[in-house]
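The next part holds the structures, each set out as structure tokens.
In the two complexes that follow, chain A is the common piece, with chain B as its partner first and chain C second.
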Partner chain A sequence: MKLREDQIERYSRQILLPNVGGKGQEKLLNAKVLIIGAGGLGSPAGLYLASAGIGKIGIVDSDVVELNNLQRQILHATSDVGNAKVLSAKERLNNINPDVEVIAHRLRLTSENILDVIKDYDIILDGSDNFPTRYLVNDACVLSEKPLSHGGILKFDGQAITILPGKSACYRCLFPEPPPPGLVPSCQEAGILGAVAGLIGTIQANEVLKYILGIGDLLTGKLLIFNALDPSFRQVKVPKDPKCQLCGERPTVTELIDYEEFCHVRSSQTLSVD
Partner chain B sequence: MSITVRVPTPLQRLTQNQAEVKANGANIKELIEDLEKNFPGIKERICDETGEIRRFMNIYVNEEDVRFLQDDTTPLKDGDEVSMIPAIAGGRQ
Partner chain C sequence: MDEARIDERIDLSGVICPNNFVKTKLKLEEMKQGQILEAILDNGEPIRDVPRAGKEKGPPILKVEKIGNKWRLLIKKV
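And then the complex of A and B:
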């Protein structure tokens, strides 16, 4: 693959970096990244990944843009309200960078379809907004050995971790069980500052770029914790759990399960999963 | 002996909105009891009915998860920082 003149110009500021170079740029242009959720985390992540020249970006979302999304979901504009999020996301990313092939997956991820959706991608970025989807994505990535960048946000707090299946701790090693419904509020109930979503989504994009380029250290085996009010970034250790039901020594979860049941949400609320 | 406890946002209603409080205890169990004395109601948010630490609420002594140390009997010393970190799910909405 030979970079075109306009590509050398477009990506010059990152090609200049000693551990990126033309070779690194080619890796980015050949990479395939799936973003789950075109929302608060997926928006900044998508913008940076498309700008950096990721060759193929898939976006999964089943929702339409609502006015109350625009405070933080910076892929979408006022004129997009009422339209499918994946379509405004695709249009925006195509406008930024025509090098990028954007695939819109307008669907809700389930145990039945997720393995098929993720199989063509090199790395998955989870920007979903509920526990059933988070555990579904984690389990699907570990079972199909796909690297995963996980991010979570609430109010003024953010968390991020990168998961290399088989090598580093998975989300179940970190949190073996989801909280019962109602104990940890959602952003819809508790609120979220848009810039907090921006920071965590950008950290996830940064993890994806480093993974593709093969540079630096990843957030594997550690959880990054951000608080916007302090403001502080901290890290805690996340060892691989030998008792993990998914990736431990004696796994009991060997195929995808019913995640709404696992998270006890079926009867108590209607889910809007991506 | 003084331990710094970092309180996660969802529990700050119980600590008069303080993100950081001081507490005492020779181990995690004692620390939780001491917190409960000063901030009634906090224990049931951290522990289940049997007194075990809830599985979606991780407790770290400095950078280490107590599940990989000695759970609630993990010893504490003066100056330790204890963080409680719950799972959070937001992102798309």
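And then the complex of A and C:
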């Protein structure tokens, strides 16, 4: 593969970097990244990954753009309100960089479709905003051995971790089960500062770029925690849990779970007992 | 320096900084260890910057000579 003149110009500032060069740029142009959620995390991540020249970017989202999204979901514009997020995302990324093939997956991920959606990608970037999807993505990535960058945000806080299935701690090593519905508020209820989403989404993009280039250290086995008010970054070591239900020595989670239904069932059972 | 040993040539006349860098780097990447690249650079900023970058962290520059209003560099791929 030979870089075109316009590509040499476009990517010159990263080709200059030690350990990137033309070979690194070719790796990026041949890479396939799936972004789950074209929201607060997926937006900045998508912008940087497209700008860097990732060859193929898939975006999963079933929602349409709402006016209240625009405070943090910087892929979309006011004129996109009412349109599918995957379509405005695709248009924006293609405008930035026509080298990138953007695949719009307008769907909600379930245990039925997720393995098929992720199978063609090299690495998955989870920017989802709910626990059922987060666990589904973690489980699907571990079961199909796909590297995963996780990010989460709420109010003034953010976190990120990178998961190399079988090698480093997965999301269930950290948090074995989703919290009961209603216990942890969502951004919809608790609020979120847009710049916090920007930081965490950008950290996720950075993880993906390093993974593809094979440079530096990844956020594997350590959870990065950001607080915007202090402001502070902390790292907490997270060893792989040998008792993890998913990636431990005796796994009990061996197939995908659609938590929404499961949680509803459980909450109604709890109610009837009470 | 054995002039007969030049393996590749790149003419960077009219190519501004840092694109002349980038192109030199890309050319060197394609070459084999120990091969010699002859690069032609413009006077001014390019000749001030390229050898400096070479000294900091890059391949050794074996020769720098002025030819008219241009410069000729011999760079070894390491």
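Here is the rule we go by: the second predicted complex is superposed on the first by the 260 of 274 C-alpha atoms of A that agree within 3 Å, B and C clash if a C-alpha of one lies under 4 Å from a C-alpha of the other, contacts with A are read in each partner's own complex, and residues count from 1 in each chain.
We adopt the following convention: a residue touches a chain if its C-beta (ideal position, glycine included) is under 8 Å from a C-beta of that chain, and two chains touch if they have at least 3 such contacts.
Quick caveat, the model's predicted, so the values are computed rather than measured.
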item: Touched partner set for A:G39, first chain B, second chain C, both or neither; value: first
item: First, second, both or neither for A:E9, with chain B first and chain C second; value: second
item: In the superposition, chain B vs chain C on chain A residues touched; value: B
item: Which of chain B and chain C A:K23 touches, first, second, both or neither; value: second
item: Partner chain(s) touched by A:E91 [first = chain B, second = chain C, both, neither]; value: neither
item: Touching residues (chain side chain A, partner chain B) in the complex; value: 37-42, 61, 63, 69, 126-131, 134, 151-157, 159, 174-179, 183-188, 190, 192, 197, 223, 225, 227, 229-230, 234-239, 241, 272, 274
item: Residue ranges of chain B touching chain A (in the complex, touch as defined); value: 8-10, 19, 45, 54-58, 60, 63-65, 67-68, 83, 85-93
item: Residues of chain C that touch chain A when the two form their complex; value: 18-19, 21-23, 25-26, 29-30, 57
item: Chain A residues touching chain C - in the complex, by the definition given at the top; value: 3, 8-9, 12-13, 15-16, 18, 21-23
